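Chain nomenclature is as follows: A, B and C, assigned in order of appearance, with residue numbering initiated at 1 for each chain independently.
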Amino acid sequence: MEWEVVIGLEIHAQLATKSKIFSGSSTAFGAEPNTQASLLDLGLPGVLPVFNEQALAMAVKFGCAIDAEIGKVSVFDRKNYFYPDSPKGYQTTQLHHPIVGMGHIDITLEDGSTRRINVTRAHLEEDAGKSLHEDFHGQSGIDLNRAGTPLIEIVSEPEIRSAKEAVAYFKKMHSIVTYLGICDGDLSQGSMRCDCNVSLRPKGQEEFGTRTEIKNVNSFRFVEQAINVEIERQMDILEDGGTITQETRLFDANKMETRSMRSKEVANDYRYFPCPDLLPVVIDDEYIQTIRDSLPELPDQKKQRLMDENGLSEYDAGVLSATREMADYFEAVAKTCGDYKLAANWVMGELSAALNKNEVDIKNSPVSAAQLGAMIARIIDNTISSKGGKDVFAALWEEKGDDVDALIDSLGLKQVSDSGAIEAIVDDVIANSPKQVEQYVSAEPDKRGKMIGYFVGQVMKASKGSANPGMVNKVLKEKLDAKC
Amino acid sequence: MALHNLTLTQISKGLEAGDFTSVEITQHFLDRIEQLDKGDNGLNSFITVTPEQALADAKAADERRAAGDASTWTGVPFAHKDIFCTDGTLTTCGSKMLGNFVPPYDATVVANMKAQGAVCLGKTNMDEFAMGSSNESSFFGPVKNPWNHETIPGGSSGGSAAAVAARLVPAATGTDTGGSIRQPSALCGLTGLKPTYGRCSRWGMIAYASSLDQAGPMARTAEDAAMMLNVMASFDEKDSTSIEQDVPDYTATLNNELAGKVIGLPKEFFPESLDGEMKQAVMNAIAEFEKLGCTVKEISLPSTDLAIPAYYVVAPAECSANLSRMDGVRFGYRCDDPKDVEDLYKRSRGEGFGDEVKRRIMIGTYALSTGFYDAYYVKAQKIRRLIKNDFVKAFEDVDFIMGPVTPTPAFKAGEKSGDPVEMYMEDKFTLSCNLAGLPGMSIPAGLINGLPVGLQIMGDYWREADMLNAAHKFQQVTDFHNAAPQGIE
Amino acid sequence: MALDRSDVTNIADLARLAIAEDNIGQYQEELSSILALVEQMNAVNTDDVQPLAHPADAVQRLRADVVSEENQREKYMANAPAQENGLFLVPKVVE
């Protein structure tokens, strides 16, 4: 039978507020356990929540960015469940009246085509703490520093049809929230996590099959792997005539399998109800409009601008706008050197190759955007050749120096662009190559272009590579043509 | 007159006049607590008494007064219901679950009193997590009614009521979720006020039902209650449900004339089944208001009978979530040798909570569960709207609504503890105020068989000053509030 | 609605309350009678009534995004039944 894959993603993004969603504790990552857990975060008796205005603003910003309906009246609910990292015994979240309603994003697939994926909703909620399972005499340790960190949970429609599309969707969301500056996007620190709902149905059938939910997948690569592994598992069961159990599963990247979580537990009943400690959050059109007006350029807009105004190809513009880090880096290079196309060539060529080869993230690039831009500027103003540029780049990468001009000097890469000096060398070469001059002069004019290469080589050799090749070409052509 | 017979207002004036020091009067009350509250024959109105802290605070208050920096409250002794978190002092909420809980912070109401230099003598007994109408559900034992040791003092603020009635303190804080200030005030002959929801901060007040809980004063006179509410009430940024509204000086308007005020008597508060003597006591009190120039009008609050069923969904639902944090992990009672996390939860909670608390958690859990949510919780919230609408309509025509606080005077200990539903009926006249968020108070309205009964005064939102004014004028022309239990004088 | 024994044990499980086998019958009876009381609500039609969650018609106030809390771990954890190295200890949590 031919199966159709149905995937819906729930992405949790930590909002980049300074303080927690309902308390004045810091949200900074990596502090000593429980040093950023206030009375409220610990869920002590008698404490009460007050809502953080930035968490609201960031969620509305996100809603505007995905062209969603914004909930003018949103309500916090309690989701009841017992777990040691949930200090109150319930999570404060939004069920019936989320801050962000139906919206959408466009994803670009590998073949260059785009697909629109609808976003059902995005709601505000609080993160849980962490259970640490190292051995404390056979017990677990509970750290509540993360408890109360604001999250938006972004729920997609079940419109994603492959693991690759899921990754493209996740990456696009990552790009949007980081462009907006509402999430630092650091997957390794758990700033964004993804739950993948996966089911299969016979092709052509409208009704959904039974789904499983793979919890807490925290990298783009794992999303693809986990979904593919789960698709295979479900397909094997269905092909054998079995049925899928609706359950929560965990992805094990080492064993490349998903396995059932908390399977022994009876299905939980979360007993949602409106949180009586918080009142309805009410915002007006003006508030929404102010936020809408202040939205930064988003990935799709940037891509379009790079094509329309800066003359980049669709492919280049797509790559360079895909992530906030890449885009910020590229634009800094382009602005420093003033040439978007040249900047694009260097960023996508030399820089990307070096980053890939050394497995370095662009934000940790040893060559800064300012340095790369300054170096390209020296190519543009003929101080160095393109080849010289590569030498400078290599030196910067190896951190042999910080200052581009100083490196050009110390590496002796400065081109001779003094016309008198170049003319003298050219005259010398012409005088020492009578045979080649003879051939040039007697050749058909349209063949001469190719023959000039010999003279260029000689001049470059004589100048020890320092002569400006463009100028050498120009002077040679003038002088040789004068002999014809 | 013995120091303990002085009212809060008189103590405040006495301190100001230099008739006695705070240390002297604090010691006097501490001695009374020692004599009358402890042992088998004691009232058991306190869970914790803090003599050393109280005397240190009294000394500091006297110094503050000497330095010319005293307020009305500086050096005045009182007690807190053991539901308010007190930094460094045991706060049990009447439960084994919090039998060892020492809060690392002060409730806002506690901080407000502290800032004035008031002297807290200790923490009063209460029904466990404020769930009860007789003070029999406290883990720390029942409280006796000073008027008759065989009867209950009411609940859940029964410790505060008994302590004030027995003159162990001149006033105490209480909280009222379904009548827990008004009912014990009525049964112990006190003046108690539950303010408008949002008037007193709930920060640090251990939550029973968050949308109903409200703190308020329990004192002997309306004048004293006004003095206390002046300090208890505040806008608090730490409580999202605290309403940003100025706190008036409730003592400034106590003597306003009542002429022309209209009192509504809801027929649903005077059913056929109402005890004849109770009805008579209430009508006698109403007659006094008529003499003060008020007019009386019969009104209807048709949804009154639905208050009990709605309350016993809303309050348990909220408490079922509020009490989930009591899990033996970060504070409070933990069972011995839990074999896994589930065992830790189930046994800590099973052993740490008493029967009534468990019953309400279970009712609330059931009412919120899948398949029952609409039929119970949503239905109750709709009834709540109807109850509020009744009041909103009624207050278009009347200034006050009056009626009984309780169906009968204090009943005998053990009489209703075997039947939760019969116990719940005790609150039939008080619950609707909480569901609507309105202010309500109880003032002494005489004795039946030697036991006090109360008159309930309800006002429109934020009309506490008017209610205290009415109560004070009433107390100027009546003597009910001066009656004291036998042997107390 | 009258509850049966398994309803009582299910509710107790959801609420994480250990209940002695011997007491189930009593809870069954008491909870059923409370539910019977509660069901008096059904006497009125509320189809056109908006639920009321809060007595006041107020809206949520917002807090400025400022870190106002300092580390007070020692004080805040003083009530913990079991702790080590700044962590609350619980029986091993298995995922």
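What we mean here is this: a residue touches a chain if its C-beta (ideal position, glycine included) is under 8 Å from a C-beta of that chain, and two chains touch if they have at least 3 such contacts.
What you see is a predicted model, and the numbers here were worked out from it, not measured in a lab.
Distance between Cα centroids is largest for the pairing of chain B with A. Taking the mean of each chain's C-alpha atoms, the chain whose centre lies closest to the overall C-alpha mean is C. The largest tally of C-beta contacts between two chains is found for B-C. Distance between chain A and chain B, defined via averaged C-alpha coordinates, is recorded as 58 Å.
With each centre defined as the average position of its C-alpha atoms, the distance from chain B to chain C rounds to 23 Å.
With centres defined as mean CA coordinates, chain C is found 41 Å away from chain A. The multi-chain contact residues of chain C, meaning those touching 2 or more other chains, are 13-14, 16, 53-54, 56, 58, 60-61, 63, 76-77, 82, 88, 90-93.
The set of chain A residues that touch two or more partner chains comprises 39, 42, 44, 50-51, 82, 84, 142, 269, 271, 276, 278-279. Residue positions of chain B with contacts to 2 or more other chains are 101, 104, 211, 237, 240-241, 320, 324, 327, 329-331, 341, 345, 365, 369. Against chain A, the residues of chain C that register as touching in their complex are 13-14, 16, 53-54, 56, 58-69, 71, 73, 76-77, 82, 84-93, 95. Of all the residues in chain A, the ones that touch chain C in their complex are 17-19, 23-26, 32-39, 42, 44, 50-56, 82, 84, 131-133, 136, 138-144, 250, 261-262, 266, 269, 271, 274, 276, 278-282. Those residues of chain B that touch chain A in the shared complex are 84-85, 91, 93, 98, 101, 103-105, 107, 202-207, 209-211, 237-241, 317-318, 320-321, 324-327, 329-331, 341, 345, 365, 368-370, 373, 377. The touching residues of chain C, counted against chain B in their complex, run 3, 7-8, 11-19, 27, 30-31, 33-35, 37-44, 46, 49-56, 58, 60-61, 63, 72, 75-82, 88, 90-93.
The touching residues of chain B, when paired with chain C in their complex, are 100-102, 104, 197-198, 211-212, 237, 240-241, 243-244, 303, 305-306, 308-310, 312-313, 320, 324, 327-334, 338-347, 349-351, 353, 358-359, 361-363, 365-367, 369, 376, 378-386, 388, 420-421, 424, 435-438, 461.
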